[in-house]
Amino acid sequence: MVTITDTISIHSKKELDMINITDELESIVSRSKLNAGICHVFVAGATGALIAIEYEPGLKKDFPDLLERISPKDLYYAHHETWHDDNGRSHVRASLIGPDITLPIRNGRLVHGTWQQIAFLELDTRGRSRELIVTLTGD
Amino acid sequence: MVTITDTISIHSKKELDMINITDELESIVSRSKLNAGICHVFVAGATGALIAIEYEPGLKKDFPDLLERISPKDLYYAHHETWHDDNGRSHVRASLIGPDITLPIRNGRLVHGTWQQIAFLELDTRGRSRELIVTLTGD
Amino acid sequence: MVTITDTISIHSKKELDMINITDELESIVSRSKLNAGICHVFVAGATGALIAIEYEPGLKKDFPDLLERISPKDLYYAHHETWHDDNGRSHVRASLIGPDITLPIRNGRLVHGTWQQIAFLELDTRGRSRELIVTLTGD
(Lines give C-alpha, C1' and ligand atoms only; values in the text may rest on other atoms or scores of the structure.)
Protein backbone atom coordinates (compact mmCIF):
# COMPACT_ATOMS: atom_id res chain seq x y z
CA MET A 1 0.00 0.00 0.00
CA VAL A 2 1.08 3.55 -0.71
CA THR A 3 0.02 7.12 0.09
CA ILE A 4 -0.05 9.56 -2.83
CA THR A 5 -0.55 13.30 -2.31
CA ASP A 6 -1.62 16.04 -4.71
CA THR A 7 -3.37 19.42 -4.81
CA ILE A 8 -6.00 21.12 -6.97
CA SER A 9 -5.94 24.91 -7.39
CA ILE A 10 -9.30 26.66 -7.26
CA HIS A 11 -10.07 30.23 -8.27
CA SER A 12 -13.68 31.04 -7.42
CA LYS A 13 -15.17 34.24 -8.79
CA LYS A 14 -17.97 34.95 -6.34
CA GLU A 15 -20.10 33.62 -3.50
CA LEU A 16 -21.81 30.31 -4.30
CA ASP A 17 -19.59 29.52 -7.29
CA MET A 18 -19.77 25.77 -7.76
CA ILE A 19 -16.66 24.36 -9.46
CA ASN A 20 -16.61 20.82 -10.88
CA ILE A 21 -13.35 19.08 -9.88
CA THR A 22 -14.27 15.57 -11.05
CA ASP A 23 -11.94 15.61 -14.09
CA GLU A 24 -8.97 16.73 -12.00
CA LEU A 25 -9.66 14.01 -9.43
CA GLU A 26 -9.94 11.39 -12.16
CA SER A 27 -6.59 12.49 -13.59
CA ILE A 28 -4.92 12.30 -10.18
CA VAL A 29 -6.29 8.78 -9.64
CA SER A 30 -5.25 7.72 -13.13
CA ARG A 31 -1.69 9.08 -12.72
CA SER A 32 -1.39 7.35 -9.32
CA LYS A 33 -1.60 3.87 -10.93
CA LEU A 34 -3.52 2.72 -7.85
CA ASN A 35 -5.92 -0.13 -8.52
CA ALA A 36 -8.05 0.00 -5.35
CA GLY A 37 -8.25 2.34 -2.38
CA ILE A 38 -9.74 5.66 -1.37
CA CYS A 39 -9.41 9.27 -2.54
CA HIS A 40 -9.78 11.96 0.15
CA VAL A 41 -10.28 15.64 -0.74
CA PHE A 42 -10.10 18.50 1.78
CA VAL A 43 -10.49 22.27 1.74
CA ALA A 44 -8.23 24.00 4.28
CA GLY A 45 -10.47 26.99 5.02
CA ALA A 46 -13.66 27.47 7.04
CA THR A 47 -15.77 29.08 4.28
CA GLY A 48 -15.55 26.51 1.49
CA ALA A 49 -17.11 23.06 1.13
CA LEU A 50 -16.95 19.90 -0.97
CA ILE A 51 -20.11 18.24 -2.23
CA ALA A 52 -21.25 15.42 -4.50
CA ILE A 53 -23.92 16.69 -6.89
CA GLU A 54 -25.26 16.29 -10.40
CA TYR A 55 -23.41 19.24 -11.91
CA GLU A 56 -26.08 20.92 -14.06
CA PRO A 57 -27.44 24.50 -14.20
CA GLY A 58 -30.67 23.77 -12.29
CA LEU A 59 -29.02 22.29 -9.20
CA LYS A 60 -26.39 25.04 -9.28
CA LYS A 61 -29.32 27.27 -8.26
CA ASP A 62 -31.32 24.79 -6.16
CA PHE A 63 -28.54 23.88 -3.74
CA PRO A 64 -27.63 27.52 -2.92
CA ASP A 65 -31.37 28.17 -2.51
CA LEU A 66 -31.48 25.47 0.17
CA LEU A 67 -28.57 27.12 1.97
CA GLU A 68 -30.33 30.49 1.81
CA ARG A 69 -33.46 28.95 3.36
CA ILE A 70 -31.58 27.53 6.34
CA SER A 71 -29.03 30.33 6.89
CA PRO A 72 -30.31 33.49 5.21
CA LYS A 73 -27.97 36.22 4.04
CA ASP A 74 -29.76 38.98 5.94
CA LEU A 75 -29.98 37.29 9.32
CA TYR A 76 -28.03 38.49 12.36
CA TYR A 77 -24.82 36.50 12.92
CA ALA A 78 -22.82 36.94 16.15
CA HIS A 79 -19.69 36.16 14.09
CA HIS A 80 -19.86 39.69 12.66
CA GLU A 81 -19.26 41.17 16.11
CA THR A 82 -16.04 39.20 16.57
CA TRP A 83 -14.27 40.43 13.42
CA HIS A 84 -16.60 43.15 12.06
CA ASP A 85 -16.89 40.72 9.20
CA ASP A 86 -19.83 39.94 6.89
CA ASN A 87 -19.56 36.20 6.32
CA GLY A 88 -21.35 34.58 9.25
CA ARG A 89 -23.64 32.74 6.85
CA SER A 90 -20.58 31.43 4.96
CA HIS A 91 -19.17 29.86 8.11
CA VAL A 92 -22.30 28.12 9.37
CA ARG A 93 -23.13 26.77 5.90
CA ALA A 94 -19.58 25.41 5.50
CA SER A 95 -19.61 23.77 8.93
CA LEU A 96 -22.89 22.03 8.16
CA ILE A 97 -21.81 20.66 4.76
CA GLY A 98 -18.25 19.83 5.78
CA PRO A 99 -14.76 20.38 4.33
CA ASP A 100 -14.02 16.82 3.26
CA ILE A 101 -15.24 14.09 0.95
CA THR A 102 -13.87 10.60 0.33
CA LEU A 103 -14.50 8.45 -2.77
CA PRO A 104 -13.53 4.88 -3.62
CA ILE A 105 -10.95 3.83 -6.23
CA ARG A 106 -11.73 0.60 -8.11
CA ASN A 107 -10.02 -1.00 -11.13
CA GLY A 108 -7.75 2.00 -11.39
CA ARG A 109 -10.58 4.55 -11.57
CA LEU A 110 -12.36 7.02 -9.28
CA VAL A 111 -15.84 5.67 -8.49
CA HIS A 112 -18.82 8.04 -8.84
CA GLY A 113 -22.23 7.91 -10.47
CA THR A 114 -22.67 8.88 -14.11
CA TRP A 115 -24.73 11.89 -13.00
CA GLN A 116 -22.78 12.49 -9.80
CA GLN A 117 -19.90 14.92 -9.85
CA ILE A 118 -17.61 16.26 -7.12
CA ALA A 119 -17.63 20.02 -6.73
CA PHE A 120 -16.03 22.72 -4.65
CA LEU A 121 -18.58 25.23 -3.36
CA GLU A 122 -17.42 28.77 -2.55
CA LEU A 123 -19.35 29.91 0.50
CA ASP A 124 -17.37 33.06 1.30
CA THR A 125 -18.85 36.43 0.34
CA ARG A 126 -16.31 36.97 -2.45
CA GLY A 127 -14.22 34.88 -4.84
CA ARG A 128 -11.04 33.36 -3.45
CA SER A 129 -8.03 31.31 -4.49
CA ARG A 130 -7.63 28.03 -2.65
CA GLU A 131 -5.70 24.78 -2.77
CA LEU A 132 -7.58 21.55 -2.27
CA ILE A 133 -5.55 18.79 -0.63
CA VAL A 134 -5.94 15.35 -2.25
CA THR A 135 -4.71 12.17 -0.55
CA LEU A 136 -4.95 8.71 -2.09
CA THR A 137 -4.24 5.51 -0.16
CA GLY A 138 -4.42 2.05 -1.65
CA ASP A 139 -2.74 -0.67 -3.66
CA MET B 1 -1.39 -2.76 5.54
CA VAL B 2 -3.94 -3.95 3.03
CA THR B 3 -6.93 -2.63 1.07
CA ILE B 4 -10.05 -4.83 1.02
CA THR B 5 -13.01 -4.07 -1.24
CA ASP B 6 -16.61 -5.22 -1.13
CA THR B 7 -20.13 -4.15 -2.09
CA ILE B 8 -23.59 -4.14 -0.49
CA SER B 9 -26.70 -4.46 -2.67
CA ILE B 10 -29.61 -2.21 -1.76
CA HIS B 11 -33.18 -2.47 -3.02
CA SER B 12 -35.19 0.47 -1.73
CA LYS B 13 -38.96 0.38 -2.13
CA LYS B 14 -39.87 4.06 -2.03
CA GLU B 15 -38.71 7.60 -1.30
CA LEU B 16 -37.26 8.01 2.20
CA ASP B 17 -36.78 4.27 2.79
CA MET B 18 -34.10 3.96 5.45
CA ILE B 19 -32.19 0.68 5.25
CA ASN B 20 -29.96 -0.49 8.10
CA ILE B 21 -26.64 -1.79 6.70
CA THR B 22 -24.79 -2.18 10.02
CA ASP B 23 -24.93 -5.98 10.05
CA GLU B 24 -23.57 -6.23 6.50
CA LEU B 25 -20.74 -3.84 7.36
CA GLU B 26 -19.90 -5.81 10.50
CA SER B 27 -19.75 -9.02 8.46
CA ILE B 28 -17.44 -7.42 5.89
CA VAL B 29 -15.11 -6.18 8.65
CA SER B 30 -15.18 -9.55 10.38
CA ARG B 31 -14.39 -11.47 7.15
CA SER B 32 -11.53 -9.04 6.38
CA LYS B 33 -9.56 -10.18 9.46
CA LEU B 34 -8.33 -6.60 9.84
CA ASN B 35 -7.51 -5.64 13.42
CA ALA B 36 -7.36 -1.84 13.09
CA GLY B 37 -8.10 0.62 10.30
CA ILE B 38 -11.02 2.38 8.66
CA CYS B 39 -14.15 1.30 6.80
CA HIS B 40 -15.37 3.65 4.05
CA VAL B 41 -18.84 3.32 2.50
CA PHE B 42 -20.00 5.21 -0.61
CA VAL B 43 -23.14 5.47 -2.70
CA ALA B 44 -22.42 6.03 -6.41
CA GLY B 45 -25.53 8.05 -7.23
CA ALA B 46 -26.63 11.62 -6.57
CA THR B 47 -30.00 10.83 -4.93
CA GLY B 48 -28.99 8.51 -2.09
CA ALA B 49 -27.16 9.18 1.18
CA LEU B 50 -25.46 7.40 4.06
CA ILE B 51 -26.16 8.38 7.64
CA ALA B 52 -25.40 7.32 11.20
CA ILE B 53 -28.62 7.16 13.22
CA GLU B 54 -30.36 5.27 16.00
CA TYR B 55 -32.38 2.97 13.76
CA GLU B 56 -35.82 2.99 15.41
CA PRO B 57 -39.33 3.80 14.10
CA GLY B 58 -39.53 7.31 15.59
CA LEU B 59 -36.36 8.65 13.99
CA LYS B 60 -37.29 6.95 10.71
CA LYS B 61 -40.04 9.61 10.64
CA ASP B 62 -38.21 12.49 12.37
CA PHE B 63 -35.20 12.59 10.06
CA PRO B 64 -37.28 12.69 6.83
CA ASP B 65 -39.42 15.38 8.53
CA LEU B 66 -36.28 17.51 8.97
CA LEU B 67 -35.48 17.08 5.27
CA GLU B 68 -39.02 18.12 4.34
CA ARG B 69 -38.68 21.28 6.46
CA ILE B 70 -35.48 22.38 4.74
CA SER B 71 -36.24 21.23 1.17
CA PRO B 72 -40.00 20.78 0.82
CA LYS B 73 -41.49 18.44 -1.74
CA ASP B 74 -43.75 21.08 -3.28
CA LEU B 75 -41.18 23.82 -3.77
CA TYR B 76 -39.98 24.97 -7.19
CA TYR B 77 -36.67 23.35 -8.19
CA ALA B 78 -34.76 24.59 -11.25
CA HIS B 79 -33.50 21.01 -11.70
CA HIS B 80 -36.91 20.06 -13.10
CA GLU B 81 -36.41 22.39 -16.05
CA THR B 82 -33.15 20.69 -17.04
CA TRP B 83 -34.53 17.16 -17.34
CA HIS B 84 -38.31 17.60 -16.93
CA ASP B 85 -37.68 15.53 -13.85
CA ASP B 86 -39.38 15.57 -10.44
CA ASN B 87 -36.56 14.90 -8.01
CA GLY B 88 -34.96 18.28 -7.33
CA ARG B 89 -35.57 17.83 -3.61
CA SER B 90 -33.85 14.41 -3.77
CA HIS B 91 -30.70 15.96 -5.18
CA VAL B 92 -30.33 18.88 -2.80
CA ARG B 93 -31.04 16.69 0.24
CA ALA B 94 -28.44 14.13 -0.90
CA SER B 95 -25.80 16.80 -1.54
CA LEU B 96 -26.31 18.26 1.93
CA ILE B 97 -26.08 14.91 3.77
CA GLY B 98 -23.31 13.45 1.63
CA PRO B 99 -22.67 10.14 -0.19
CA ASP B 100 -19.95 8.79 2.11
CA ILE B 101 -19.32 7.75 5.67
CA THR B 102 -16.18 6.35 7.32
CA LEU B 103 -16.02 4.32 10.53
CA PRO B 104 -13.10 2.99 12.56
CA ILE B 105 -12.10 -0.65 12.91
CA ARG B 106 -10.68 -1.66 16.32
CA ASN B 107 -9.82 -5.09 17.71
CA GLY B 108 -11.20 -6.69 14.59
CA ARG B 109 -14.62 -5.03 14.86
CA LEU B 110 -16.48 -2.12 13.31
CA VAL B 111 -16.76 0.69 15.88
CA HIS B 112 -20.18 2.32 16.41
CA GLY B 113 -22.36 3.23 19.38
CA THR B 114 -24.77 0.67 20.82
CA TRP B 115 -27.68 2.85 19.67
CA GLN B 116 -25.94 4.14 16.54
CA GLN B 117 -26.50 2.29 13.28
CA ILE B 118 -25.36 2.99 9.73
CA ALA B 119 -28.15 3.37 7.21
CA PHE B 120 -28.69 4.01 3.53
CA LEU B 121 -31.36 6.64 2.91
CA GLU B 122 -33.25 6.58 -0.37
CA LEU B 123 -33.86 10.18 -1.40
CA ASP B 124 -35.07 9.60 -4.94
CA THR B 125 -38.79 9.82 -5.68
CA ARG B 126 -39.11 6.06 -6.22
CA GLY B 127 -37.43 2.87 -5.02
CA ARG B 128 -34.18 1.92 -6.71
CA SER B 129 -31.54 -0.81 -6.79
CA ARG B 130 -28.06 0.32 -5.90
CA GLU B 131 -24.64 -1.02 -5.01
CA LEU B 132 -22.80 0.52 -2.09
CA ILE B 133 -19.02 0.46 -2.41
CA VAL B 134 -17.15 -0.59 0.74
CA THR B 135 -13.39 -0.10 1.15
CA LEU B 136 -11.41 -1.17 4.19
CA THR B 137 -7.80 -0.15 4.79
CA GLY B 138 -5.76 -1.24 7.77
CA ASP B 139 -3.62 -3.88 9.41
CA MET C 1 2.33 2.39 5.42
CA VAL C 2 1.05 2.03 8.95
CA THR C 3 -2.20 2.41 10.91
CA ILE C 4 -1.99 4.29 14.21
CA THR C 5 -4.90 4.42 16.65
CA ASP C 6 -5.66 6.78 19.52
CA THR C 7 -8.56 8.25 21.50
CA ILE C 8 -9.56 11.67 22.82
CA SER C 9 -11.68 11.92 26.01
CA ILE C 10 -14.46 14.50 25.94
CA HIS C 11 -16.45 15.77 28.91
CA SER C 12 -19.21 18.07 27.70
CA LYS C 13 -21.08 20.13 30.28
CA LYS C 14 -24.37 20.82 28.50
CA GLU C 15 -26.30 20.70 25.22
CA LEU C 16 -24.53 22.51 22.36
CA ASP C 17 -21.14 22.61 24.09
CA MET C 18 -18.56 22.99 21.34
CA ILE C 19 -15.16 21.60 22.31
CA ASN C 20 -12.03 22.40 20.29
CA ILE C 21 -10.01 19.21 19.73
CA THR C 22 -7.51 20.62 17.22
CA ASP C 23 -4.56 20.67 19.64
CA GLU C 24 -5.13 17.06 20.69
CA LEU C 25 -5.33 15.97 17.04
CA GLU C 26 -2.12 17.87 16.23
CA SER C 27 -0.36 16.14 19.12
CA ILE C 28 -1.53 12.72 17.96
CA VAL C 29 -0.29 13.40 14.42
CA SER C 30 3.01 14.75 15.71
CA ARG C 31 3.61 11.73 17.98
CA SER C 32 2.76 9.35 15.11
CA LYS C 33 5.84 10.48 13.11
CA LEU C 34 3.75 10.06 9.95
CA ASN C 35 4.82 12.33 7.11
CA ALA C 36 1.77 12.03 4.81
CA GLY C 37 -1.61 10.36 5.10
CA ILE C 38 -5.05 10.93 6.59
CA CYS C 39 -6.44 11.44 10.10
CA HIS C 40 -9.96 10.11 10.73
CA VAL C 41 -11.98 11.09 13.82
CA PHE C 42 -15.24 9.42 14.88
CA VAL C 43 -17.78 9.77 17.67
CA ALA C 44 -19.35 6.45 18.67
CA GLY C 45 -22.74 7.80 19.73
CA ALA C 46 -25.80 9.05 17.87
CA THR C 47 -26.13 12.43 19.63
CA GLY C 48 -22.70 13.97 19.06
CA ALA C 49 -21.04 15.36 15.94
CA LEU C 50 -17.69 16.50 14.58
CA ILE C 51 -17.38 19.75 12.66
CA ALA C 52 -14.76 22.02 11.11
CA ILE C 53 -15.36 25.62 12.20
CA GLU C 54 -13.60 28.84 13.08
CA TYR C 55 -13.65 28.36 16.84
CA GLU C 56 -14.65 31.80 18.12
CA PRO C 57 -17.48 33.00 20.44
CA GLY C 58 -19.72 34.34 17.65
CA LEU C 59 -19.91 31.12 15.65
CA LYS C 60 -20.33 29.14 18.89
CA LYS C 61 -23.76 30.85 18.95
CA ASP C 62 -24.43 31.05 15.20
CA PHE C 63 -24.02 27.37 14.42
CA PRO C 64 -26.38 26.19 17.20
CA ASP C 65 -28.82 28.89 16.02
CA LEU C 66 -28.81 27.27 12.57
CA LEU C 67 -29.59 23.89 14.14
CA GLU C 68 -32.45 25.42 16.13
CA ARG C 69 -33.91 26.88 12.91
CA ILE C 70 -33.95 23.53 11.11
CA SER C 71 -34.83 21.22 14.04
CA PRO C 72 -36.41 23.32 16.80
CA LYS C 73 -36.29 22.25 20.42
CA ASP C 74 -40.05 22.51 20.93
CA LEU C 75 -41.18 20.55 17.88
CA TYR C 76 -42.87 17.14 18.09
CA TYR C 77 -40.43 14.27 17.54
CA ALA C 78 -41.71 10.70 17.10
CA HIS C 79 -38.47 9.51 18.76
CA HIS C 80 -39.91 10.58 22.14
CA GLU C 81 -42.68 7.99 21.82
CA THR C 82 -40.19 5.15 21.36
CA TRP C 83 -38.19 5.73 24.54
CA HIS C 84 -40.17 8.45 26.40
CA ASP C 85 -37.03 10.41 25.79
CA ASP C 86 -36.52 14.14 25.15
CA ASN C 87 -33.68 14.24 22.65
CA GLY C 88 -35.29 13.80 19.23
CA ARG C 89 -33.75 17.06 18.06
CA SER C 90 -30.31 15.81 19.20
CA HIS C 91 -30.59 12.74 17.00
CA VAL C 92 -31.76 14.40 13.79
CA ARG C 93 -29.16 17.17 14.11
CA ALA C 94 -26.38 14.62 14.67
CA SER C 95 -27.46 12.49 11.70
CA LEU C 96 -27.46 15.53 9.42
CA ILE C 97 -23.99 16.77 10.45
CA GLY C 98 -22.38 13.35 10.71
CA PRO C 99 -20.22 11.50 13.25
CA ASP C 100 -16.94 11.55 11.29
CA ILE C 101 -14.39 13.91 9.82
CA THR C 102 -11.17 13.18 7.95
CA LEU C 103 -8.21 15.56 7.55
CA PRO C 104 -4.98 15.28 5.57
CA ILE C 105 -1.50 14.89 7.06
CA ARG C 106 1.33 16.62 5.16
CA ASN C 107 4.99 17.14 6.08
CA GLY C 108 4.35 15.55 9.45
CA ARG C 109 1.51 17.93 10.38
CA LEU C 110 -2.28 17.92 10.46
CA VAL C 111 -3.59 20.14 7.64
CA HIS C 112 -6.29 22.72 8.46
CA GLY C 113 -6.84 26.40 7.79
CA THR C 114 -5.42 29.02 10.15
CA TRP C 115 -8.96 29.97 11.15
CA GLN C 116 -10.38 26.47 10.81
CA GLN C 117 -10.51 24.27 13.88
CA ILE C 118 -11.94 20.80 14.50
CA ALA C 119 -14.57 20.62 17.21
CA PHE C 120 -16.79 18.10 18.94
CA LEU C 121 -20.37 19.33 19.24
CA GLU C 122 -22.52 17.96 22.05
CA LEU C 123 -26.04 17.59 20.69
CA ASP C 124 -27.58 15.59 23.52
CA THR C 125 -29.83 17.38 26.01
CA ARG C 126 -27.23 17.12 28.81
CA GLY C 127 -23.46 16.96 29.20
CA ARG C 128 -21.84 13.57 28.60
CA SER C 129 -18.47 11.83 28.72
CA ARG C 130 -17.35 10.33 25.44
CA GLU C 131 -14.31 8.86 23.73
CA LEU C 132 -13.48 9.99 20.22
CA ILE C 133 -11.77 7.35 18.09
CA VAL C 134 -8.80 8.62 16.06
CA THR C 135 -7.25 6.56 13.26
CA LEU C 136 -4.22 7.68 11.22
CA THR C 137 -3.07 5.87 8.09
CA GLY C 138 -0.07 6.89 6.03
CA ASP C 139 3.69 6.81 5.60
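In this document, chain identifiers A, B and C correspond to the written order of the chains, with residue numbering beginning at 1 in each.
Just so it is clear, a contact is a pair of C-beta atoms (placed from the backbone, for glycine too) under 8 Å apart; a residue touches a chain by one contact, two chains touch by 3 or more.
Since the structure is predicted, the reported quantities are computational estimates derived from the model, not experimental observations.
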Copies chain A and chain B touch via same or different residues, half shared test: different
Angle (degrees, nearest 5) of the CA superposition of chain A onto chain C: 120
Rounded Å distance, chain A centre to chain B centre (Cα mean): 19
For chain C, residues contacting two or more additional chains: 1, 70, 96, 98, 102, 137
For the chain B and chain C complex, residues of the former touching the latter: 1, 36-38, 51-54, 56-59, 61-63, 65-66, 69-70, 96-98, 101-106, 111-113, 115-116, 137-139
In the complex, chain A residues that touch chain C: 1-3, 5, 40, 42, 44-46, 70-71, 77-83, 88, 91-92, 94-96, 98-100, 102, 133, 135, 137
